[in-house]
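Structures given as structure tokens follow.
Two complexes, one shared chain (chain A), two partners (chain B, chain C).
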Partner chain A sequence: MKLAVLMSDYRNGIDMIDRLSAESLGIILVGNGVYHAAVKEGGKTSSLLDKKANFYALTEDFETRGITAANLDSRVKAVNYGDVVDIIFNDYEKVVWI
Partner chain B sequence: MATKKLAFIVRSLPYKTEASRLALTHAIASQTVEIYLNDGDLVEASVSYVGDGVLNCLKGQQGMKHYGITTIEGHAKNSLLLDMRVLICKEDLDKFGLTEDNILMDAEDIGGETKANVVSYGEIQKEMDAATHILVC
Partner chain C sequence: MGKLTIGTFSSLVGSLSLDFSVKLAEAAVKKGHKVDFWMSGNATMLAKKGQKAFKDYSFLAKPIQELIATGNFQICACEACAEARGYHKEDCPDGFIRKSMDWYLASTFDADRVLHIGGD
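Up next is the complex of A and B:
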């Protein structure tokens, strides 16, 4: 299964993602999920980024929160709404929202 | 004559919910309630950012550009413009690796003279101790 996960929360949901199994996993960080892409707590990046997955962060949402593309972890690709649509339709078979 | 002190404690992240914005809105609106009070009675509001709430203070928010909404940053500047006491927890800024350079500290660009204060959590605790009402958002 090729699965895209829309992650819109910062404090909840990693436990669910940890249990997901997919041949190809894409994690699209939107809403408050974008903090996973840029925030370091105690100098450590989010444990979410340790998952074997392709990571994307929605530019509109991280810029709204005062985060720039330069702040993103190198594992995360900045995308816009159009890119998200393309990613969902072209690269994955199923989508879940957490 | 009495002063009611309101301590708004912002602990939630911005935008996904309205909690942090409402804290600012209510703190600012509390300044207008005096027309309903007896002569000499006052309401003083302060806003303190703790935990994840300090991320409300990041500079350069672009909500207007992307979604046509007033940013939390703009709201917070309005509170400084009204000389509201704004406290930001230093321990939580340190936890996120943030410094005063990364966060909103003043509203000079809109004519504000009051600055935000980066303080230890102990100072925010004192603010709560001194408050008549504590409102956690």
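Up next is the complex of A and C:
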């Protein structure tokens, strides 16, 4: 199954991702989840980005938090709401919210 | 085009998840999809007439009315959750539906995509 995960939190939920099994996984960072795309702790990027998945971050949410597209980790693609709709409908079969 | 069912339990103003789900609904309708929007728990606060707009404050009543006007968007509040919070039929804004959770269940059965957003 192709699964899209809307990750809305920075501190919680990574362990849940480990328990999901999907043929293809897309992780869409929204809300405070966008911090995964740009914040480093102890010089290290978020362990979420080490998962085998396609990563996207919602532009409106990271820009609201003072992050620019240039700050995003290279593994993460900036998307807008319209893109999220297309991703949900065209690239994945199910979508969950964490 | 398809149908997206969104179910949300998040609080009005208190949680940005409700704002996210309304903006996602706007984007989906703009793309030509139909959207069913279900509210349970504290999200039923959105189904309350007379909300006031304050600067720099989340105000979803207006975009919801614009979405209803498109004809491709239905919004339904859980009757029990609303009554439990003291919101009665007469408190419901124009265009909102009030049903039991059966409405949500039925909506998910013929949806192409379902997004359930839990509590706050």
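The rule we apply is simple: the second predicted complex is superposed on the first by the 98 of 98 C-alpha atoms of A that agree within 3 Å, B and C clash if a C-alpha of one lies under 4 Å from a C-alpha of the other, contacts with A are read in each partner's own complex, and residues count from 1 in each chain.
Basically, contacts are C-beta pairs under 8 Å (C-beta built on N, C-alpha and C of every residue); 3 or more make two chains touch, one makes a residue touch a chain.
What you are looking at is a predicted structure, and each value in this text was computed from that prediction instead of being measured.
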Which of the two partners, first being chain B and second being chain C, lies in contact with A:K40: first, second, both, or neither? first
Mind working out whether A:S8 is in touch with chain B, chain C, both or neither, as first, second, both or neither? both
So, does A:G66 touch the first partner chain B, the second partner chain C, both, or neither? first
So in the superposed three-chain picture, is A:G31 touching just chain B, just chain C, both, or none of them (first/second/both/neither)? both
Look at A:G82 in the shared chain and tell me whether it touches chain B only, chain C only, both, or neither; answer first, second, both or neither. second
Counting contacts the way the document defines them, which residues of chain A are shared by the two interfaces, the one with chain B and the one with chain C? 8, 31, 60
Can you check the complex and tell me which residues of chain A touch chain C? 6, 8, 30-31, 60, 80-82, 84-86, 88-89, 94-97
Tell me, which parts of chain B touch chain A in their complex? 13-16, 52, 55, 58-63, 65-67, 71, 73, 95-97
So in the complex, which bits of chain C are touching chain A? 2, 4, 16-17, 20, 23-24, 26-28, 30-31, 33, 112-118
Of all residues in chain A, which touch chain B in the complex? 8-11, 31-32, 35, 39-43, 60-61, 63-68
